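Each remark here refers to the structure printed beneath this line.
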Amino acid sequence: MSDVGIAPIPQPGLDELIRRALAEDAPWGDVTSETFLPASARASAVLVAREPGVLSGVGVFARTMELVDAATVATAELTDGASFAAGAVLARVEGPARAVLRAERVALNLVQRMSGIATLTASYVEAVAGTSARVVDTRKTTPGLRALERYAVRCGGGGNHRHSLSDAVLAKDNHLAVLQAAGVDLHTAIVEARRRLGHTVHLEVEVDREDQIEPVVSAGVDTIMLDNFGPERLRAGVAAVAGRALVEASGGVTLETVRAIAETGVDLVSVGALTHSARGLDLGLDLEVSAGGGGRE
Amino acid sequence: MSDVGIAPIPQPGLDELIRRALAEDAPWGDVTSETFLPASARASAVLVAREPGVLSGVGVFARTMELVDAATVATAELTDGASFAAGAVLARVEGPARAVLRAERVALNLVQRMSGIATLTASYVEAVAGTSARVVDTRKTTPGLRALERYAVRCGGGGNHRHSLSDAVLAKDNHLAVLQAAGVDLHTAIVEARRRLGHTVHLEVEVDREDQIEPVVSAGVDTIMLDNFGPERLRAGVAAVAGRALVEASGGVTLETVRAIAETGVDLVSVGALTHSARGLDLGLDLEVSAGGGGRE
Amino acid sequence: MSDVGIAPIPQPGLDELIRRALAEDAPWGDVTSETFLPASARASAVLVAREPGVLSGVGVFARTMELVDAATVATAELTDGASFAAGAVLARVEGPARAVLRAERVALNLVQRMSGIATLTASYVEAVAGTSARVVDTRKTTPGLRALERYAVRCGGGGNHRHSLSDAVLAKDNHLAVLQAAGVDLHTAIVEARRRLGHTVHLEVEVDREDQIEPVVSAGVDTIMLDNFGPERLRAGVAAVAGRALVEASGGVTLETVRAIAETGVDLVSVGALTHSARGLDLGLDLEVSAGGGGRE
Amino acid sequence: MSDVGIAPIPQPGLDELIRRALAEDAPWGDVTSETFLPASARASAVLVAREPGVLSGVGVFARTMELVDAATVATAELTDGASFAAGAVLARVEGPARAVLRAERVALNLVQRMSGIATLTASYVEAVAGTSARVVDTRKTTPGLRALERYAVRCGGGGNHRHSLSDAVLAKDNHLAVLQAAGVDLHTAIVEARRRLGHTVHLEVEVDREDQIEPVVSAGVDTIMLDNFGPERLRAGVAAVAGRALVEASGGVTLETVRAIAETGVDLVSVGALTHSARGLDLGLDLEVSAGGGGRE
Amino acid sequence: MSDVGIAPIPQPGLDELIRRALAEDAPWGDVTSETFLPASARASAVLVAREPGVLSGVGVFARTMELVDAATVATAELTDGASFAAGAVLARVEGPARAVLRAERVALNLVQRMSGIATLTASYVEAVAGTSARVVDTRKTTPGLRALERYAVRCGGGGNHRHSLSDAVLAKDNHLAVLQAAGVDLHTAIVEARRRLGHTVHLEVEVDREDQIEPVVSAGVDTIMLDNFGPERLRAGVAAVAGRALVEASGGVTLETVRAIAETGVDLVSVGALTHSARGLDLGLDLEVSAGGGGRE
Amino acid sequence: MSDVGIAPIPQPGLDELIRRALAEDAPWGDVTSETFLPASARASAVLVAREPGVLSGVGVFARTMELVDAATVATAELTDGASFAAGAVLARVEGPARAVLRAERVALNLVQRMSGIATLTASYVEAVAGTSARVVDTRKTTPGLRALERYAVRCGGGGNHRHSLSDAVLAKDNHLAVLQAAGVDLHTAIVEARRRLGHTVHLEVEVDREDQIEPVVSAGVDTIMLDNFGPERLRAGVAAVAGRALVEASGGVTLETVRAIAETGVDLVSVGALTHSARGLDLGLDLEVSAGGGGRE
C-alpha cells in the first residue's frame, strides 16, 4: 500500500534523529537493564494497540529497535496508513532483552505520536468525505519532527501544505501589515514577486477581507487563503475567485465545523490541530519472554 | 519567581536545539519575507494569549527571536510559571521585520507546546491540592524536547521523575518478566542490584500485585510503583509499605481520577499525559508595525 | 540593490559552513602566522578585482573574516550583483594581522567561486536579453555549496530552478524509462501524481520526443522540459504546448547557442554550466600594513 | 594501479561529506521518485563518459550510491587515474530504482568535479613531461572538498603542496609585508622560526625580488617560492639558490606557459587553476531498465 | 564476568567518540601506510601487556579496529576487569595491514588509559579490603571521556559517584560560601531543596567542620561528605551521623592513607586521583605478519 | 611571552570541545546550583596553585568560564609557560555564582591536565639543558585533546613531533615488518616513497638495529629514529648518520635516563610519558564571595 498511496518516510537524517532521541533517553547507559537483566537474556515482544486508530511510524519503531542493537529484528504486521482495532498486533520484535527494553520508550514515543496524528487526520478526512476539499497540515509541527509529522498526516489521508519557509511563499496577515506600513500596494507587490520568484515556487497569499480577493487573485497567485471567513463568506469567496486560483480555508476549523467549511467549495482546508494538538495514541509493548513465559497477560 | 520556585531551563544544547528547528523551518531561506518585505522594514509585535493558561518557555521564545537576528530584542512581560487570562500580553518583540516573521512560527511552536504542558500540569496539580501526593511526569516526552518538557512540567507546579534511563533505576513489568523467565528471584535481584549500584542512583521497582510489595520493599528500594492498583488497593498498598519507601501510583490517571488516587496517601502520582497528550496552547504573535500602523484588527 | 533585486544569502548553516571550511584549512592552527607574525601586529587590506566581473559573496567574505576573530572588521565597497572593472576595490578589512591572513584563503576561495558563477551567469543573461526566456540553474552544484551557488546565480541575474529533490517534481528520462519498463502509461502516471502531490509542489516532466508533448501537457504539468530539441524543434514544441505549461529548454546550451534557443519562445533555459563549469574569478587580497607601509604595490 | 601509484581517498569524514551532500539534495525526500516510481522497481545503469578524460572519484561515486540504499551495488570498470575515451563505461550500478535515481545527481556532481580536476591536471603534467619539474596544487580548493580535490590532482599525475595552514609554513608576500612593517629582518625571522618550529614542519618562503633570495636561502628554508618571475628570472633564481633549497615557481602559470617555466630547472610549479578553474567533466548515468528495456538511446 | 559484575560500556556516542579520535589522528589519511604498505597486505597482531595490570577497554580497542575497516576482526582474549601479568596476550587482531596500523595508536591510547585507571583503582580497592568502605570516583575526569573512565573505575572494582551536575546534588564548600554570603541558613536551605528536588535526585552536602554535621544531617540528606577530616575526626563524624546518612570521606586520600580512612567506618571514600592522575598502562601491539614472519621479537 | 615563545592554542574547534565537555558535565542542568544558589548571587574566585608548576591552559580555563555565561569575566594573572610556586594566583573570575560554580569542574579539569603536562615537560627539558637535544612529544595523547596537549608540551619548553598520521611519515617497526613480509627492500621502498610524497611531507623511519642505519639514511630520510638503542649504541648511531639526517632517540626514556641519552648527540628525544602519564596538577578555585565574605579559609 505504501507503494502506491503513501510516499515513504524521508530517509536523510532519520537515523540521526533516532540516535539523538536514544542518546537523550540514555546519555550514559540504561542502568536498569544493565543491573537487572542478564546480558544473555533474549526477549520477544509485540507492539499492541490499546485503542483503535490509524498506524503511522511502524518503520520508525522498527528502525529504533535495530539502531540500539543490530541483533534485534523488528517486523511490521500492518503497514502505515492501515486502520486497526484495539488489541491489534502492529509489529513484532525479537532480540537481546537489554536492547529491546532500552529501545522501548523511544520507539513507543515516536510511533505513538505519529499514529496519534494519523488517527486525528483520518477523522478530519472522513468528516469531509464526498466534498472537493482536501484536509492539509500546517507548519505548526513539533520542532525537529516535521518530516515525520507530515508523513503521519499523509498516512491519515491528509495532504501536505508547504514543508518550510524555503519551498513556497505564503504571505500572511503579518507580512501584509508590514507591506502596508511601508506604503507598498499589495497587487503590485504580488506582480513583482511573481516576476522575481523561481518558476517552481508556489505563491499563496492570505486575506481576511473580501475586498482583498480581487487585487490578490488578479495579480496571479497560485492559492488564496481565506482566513476565518466562515462558511457563508467562504462560499462567496470561492465564487469571487472563480477558479483563477486554489482556495484555502483556514481558521476556526474543528471536527465540528470542518464539513460545513468543506462544503463551501474550497479546495483546501488547513488544520493546525492535526499536528499541534494530536495526543499520543495508546500503544504498548507486551513482552513474550522466551524461556519460561512471563509477560503482561 | 523563577529565582525561588522554578529551576531555569538547562542551557547546554538549547541554542543548538533552536538552530536545528530554525534550519528545519527554513533550510535555504524564507522566500516570503525575502520577496515581500523590504530589508529595512522593522516590526514590533506582542506575544498574546488567545486562551487562559500557565506560561512556560517565554525565554525560549525570546531566544529564538534573537538567534535569527541579534538585532531583535525580545522582552518577557510575565515569567514562566505565571497564570494568565485570554488576551494577556506575554512578551514583546522588536526588530527587523524579516527576522521577526522568519522566527515567528518556530518561536510559537516552542512556547505553545511548553505552555500547553504547563497548563495541563497545573490542572492536575490543582486537582490534588491539599493531599500529600505530588504530580510527576514520565519519560513519555517528545523525542528531542525532554529537557524543555520537564521544565514545562515544573512551570505547571509538577515534579520531575527521573530524566533518563541513565540516572535512576526503574524496573518495570517487562524487566520483571525477563527476570522471572531467567529464574531469578526478585528480592535477591534487588538486594544484589543495590550492592552494585552507585550510591547516588535511586532504585525503584514497579509491581502490579499485592504479593510483590513485601519482597520488593524489604529488599531496600527507594520507591515502589503500584501500577494500576486503583484507589482501594492503593490505600492498602500504602499501608503495606508503611513508610519504608516512597509510593508511586501510575496507570489510569486522568483529571477525573487523580484526586481519588492522591487521597490514598501515595507520595507520587505519575501522569504520562502531561507530556504525551498536552495540546499546544493558543498563543499568537500580533504585529504592531512601526511606520504607519497596520496590525491585525 | 539587494534590498529589491536579490534575496539575501540564506543564513541557516552559513556560519557552520564557514567554520567547517576554516577548520579544513587550519585543523590545528596557522603555523605560519603564529611563527612569523607578532601577536600584536595589525593589518588592513583590500579585496581587489584582478579582472572585471559581477560580484557575489562579499558578505560571505566579510563573515569569514569576522568568524576567525571578532576583532576584525570587514566592509563591502560594492553590493552583490554589482558589475566591476579590473582593479576595483570590492571590500576592506581591518584587524589583527594573524587573523586576517589566517582567514584570507578561505574567504577568497568562497567569494572567487561565487563571483565566478555570477559573472558567467551574467554573460548568459546578457546573451538572451530582449527575449522572453529566463536563464536558470540546475542541481549540478558543488556538494555543500548549493545555497551559495544558487544565490550567486541570482546575483548574476539568473533565476533558480528547484532547490532540491524535495521541493519540486522533475521526472526525467531515467524516471520515464523505469515507468515504461514497469508498463505504466505516462499520461496516467502524471494525472495520478498530480492528485497525490501537495498543492504547492511544482510538477515538471522532461521529454525528448515530440509525440510525448501532448500526453504530458494534457495531463496537467506546470512545466515541460524539452531536452536537446534544438531551435527548430523547440519552436514547434512551444507551439504545441500552446501556453498550457511553461516550456523549459535544456541540453546543448552554450554561450554560442543560447540566444537562438531563447528566441524560440521558450520560457526557461536551464544551464548546468553556470555552476558546474564556472571558474573562480581572479580576486586578491592586497595588504596595506599600518605601521610603516609595505604591501603589494 | 592505485596500489602503487595513487594513495587512496582519505576515509575519515568521507561518509559524512556524502551524507551531507545527500541531505542537501533531498532534505525531506525525493518527491519525484516517491511519486512516480514503484517501490519495487529496480534499475541498472552505467556511468558513461561523454568526453575523454582521466578518472577520479569512481569510489566516491560508488559509495554515494551505496549510502542511499545498502541494497545498491556499484562496481568500478576503471580505476582512478585511468585515461578513457568518450563513450567509455566507467562504472556499473544495480539497485532499487528509487535509490539509484535519488543518488544520481550527487554521485555525478562529485565524480564529474573530481575527474575534471584530474583531467586538467593531466594536461599540465603532460606539458612538462621530460623536465625535472613537478606540477603541484595549491590551497585554492572548494571549501569542504579539499581532501577529494587533492586526491584528484594525484589521480591526474600531479603532486600535492601542503594540505593546510597547519602542516607546513609558507610565508607569503602578505606575511613579509607585516614583518617589514614591524621592523623585523626577514633573515633573522626565518632563523628564529626554524629554531622554534617542530622538526617535521616544512618551511617555505615566497619572494618576488632577486635580492630576497640569498637572505632567505641562507637562513635555511626547505623551499623558496619565486613568485611571478617569468622564465628568464626563474633560471637565474635557480642558479642563485644552487641546490640549497627546492625552488617553486608560481604565478602566471597556464597551459601555454607551463613548459617554459618547467624548463628553467625549477623543482615545483604550483597551479591554482588545477582546482579553482577546472570544469566538471561530462559524465552521465545511462539507465538500463531490467524489465522491458528503456534507457536513453 | 561482565555479565554479572561490570555493567557494559554505555553505547550511545561511543562510535562517534572513536570516529572523532580517528579523525583527529588522521584528518586526511595515513600517509605512512598509504605510501609504504601494499594495499593487499594483511596483518595479524596481538595486544600484549608489557606490565601487569587490570584490563579495561578491550571492547573499545576492538571497536576502534573495526571502525577503521569493517574487514578487520578483533577478538578479546580476556574480559574487562580481569587481572593479567606482564606478557599476557589481551586481544588479537587480523585485517588489512593499512587498517590495523592506521588504527593502532588510537586503539592503544584508549585501552592504555582505561586500563591505567582500572589498575590504579584496583590498588585502592585492595587497600581497603575488609572494611565497609567503597572506593568511588569523582568528576575529575578527562573532558570527553567521562563515561569510559567511570566504566574503567568499575572494571577496577571501584564504585561510581554521580555522573554529572545533572543527576545528583552535591553542595560543596563554594556553594555553602555563596549561601552564607546571601544570608541563607544551611539547614533551611537543605530542607527547602529536598522539598523541591525530584524524588529520584540524591542529595549530598559537603562539610569541613564538625558543627556543620548536625544541621546538615537533620535536614535530611542522603549523603554527607566530610572533607579533609583525617581518620580521627572521621571516626567522630561517623558516630555523629549515626546512620542517618551515608558518610563520604574526601581529601588527602592516597594509597598510603586510604586504609586508615576506610577503617573509620565511612561508607565511601572518593579519590580524584583514580581518573586525574592515572598513567597509561604499558600495552603494545605486536605484529605477526602472515607472509614470511617479521614482527617484534 | 606567548607573543614570541609559544604559539597560541589553535582556535578551530576549541569552543566546540569546551561545549562538549560542558554538556558532558551537565547534560540537563546543574541541579545543585539551580536549587541552592539564588539566581542573583554573584561570585568572584581565584584560580590558585596548590603545588608549584608550569602554567598551561589559562586561556582555556577562562574561555570555559565565559562560554557558560557571557556575563562572567575571567582574567589571567600569569601567561602560559610561566613557572609558579604553590599558593600563586593564576587567574581571577567574576560572574554569576551559578555560572562560575557550574563551569568550575570542567575549567579545572582542562587547566589541571594541561599544566600537568607542561610541568612534566619542563622537568625533562631542564634535565637535558645544555645538550643539543630537544625533548619532543608523541601521538600518545588523550583522544580528543591532542591540540591542547601538544600546546601544553610547548608551554613546558618541549617541541612537537608530527601532529597526526596525515602530516608526516613515520615508518615504524610494524610497517617494516609488513614490508619485509611482502618481500620489499627497505632502501628501495624509501627511495620510491620520497619520489611520490608531497615535497612538504617530512619522512622519518624507525630502526632498531645498527645495520639498518646506512640503507635508511642513504635513501634520503629527513629523520631516523633509533629505537631502544641506549646511550652507547646511540652515540655510535649518531656517528654513523654523520649529519645526513636528524637523529631521534626513543624508548626507555625516563627522567633518570634522559640526560645520558641527550648527551649522545642526538637531535631529538621523544617522550610518550609527557602526555600519556602526566598527572593533573593540583590547582583549585577559591571563592571570594562578594556580599559578606565566605570563601575557603
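Each chain gets a letter, A, B, C, D, E and F, in the order it is written, and its residues are counted from 1.
Methods note: a contact is a pair of C-beta atoms (placed from the backbone, for glycine too) under 8 Å apart; a residue touches a chain by one contact, two chains touch by 3 or more.
Here the structure is a predicted model, which means the values were calculated and not measured.
Asks: Strictly by the touch rule at the top, which chains does chain A share as contacts with chain C?
Replies: Both-contact set = B, D.
Asks: Determine the set of chains touching chain A that also touch chain F.
Replies: B, C, D, E
Asks: The A-C interface: which of A-B, B-E or C-F repeats it, judged by over half of the contact pairs being the same residue numbers?
Replies: More than half of its contact pairs match A-C, so it is B-E.
Asks: If I average the CA coordinates per chain, which chain comes out farthest from chain F?
Replies: Farthest from chain F by mean C-alpha position: A.
Asks: Regarding the chain A and chain B pair, does the interface count as same (over half of residue numbers shared) or different (under half shared)?
Replies: same
Asks: Based only on mean CA positions, could you tell me how far chain C sits from chain D in angstrom?
Replies: So the centroids are 22 Å from each other.
Asks: Taking each chain's centre as the mean of its CA atoms, how far is chain B from chain C in angstrom?
Replies: 44
Asks: On chain A, where are the residues touching two or more other chains?
Replies: Correct list: 7, 10, 26-29, 31, 35, 38, 146, 163, 166-168, 196, 201.
Asks: What are all the touching pairs of chains?
Replies: Every pair of chains in contact is listed here: A-B, A-C, A-D, A-E, B-C, B-E, B-F, C-D, C-F, D-E, D-F, E-F.
Asks: Note which residues of chain B are touching chain C in the complex, please.
Replies: It comes out as residues 19, 22-23, 26-29, 31, 34-35, 38-40, 68.
Asks: For the complex, give me every residue of chain C touching chain D.
Replies: Per the touch definition, chain C meets chain D at residues 17-18, 20-21, 24-33, 35-38, 41, 43, 45, 97, 101-102, 104-106, 108-110, 112-113, 139-146, 164-184, 189, 193, 196-197, 201, 273, 276-280, 285, 287, 289-296.
Asks: Provide the residue numbers of chain E that touch chain A in the complex, in ascending order.
Replies: Touch list, chain E to chain A: 2-4, 7-13, 146-147, 150, 163.
Asks: Name, in rising order, each residue of chain E that touches chain B in their complex.
Replies: Residues 5, 7, 10, 134, 136, 159-163, 166-168, 196, 198-202, 204, 222-223, 246, 267-268.
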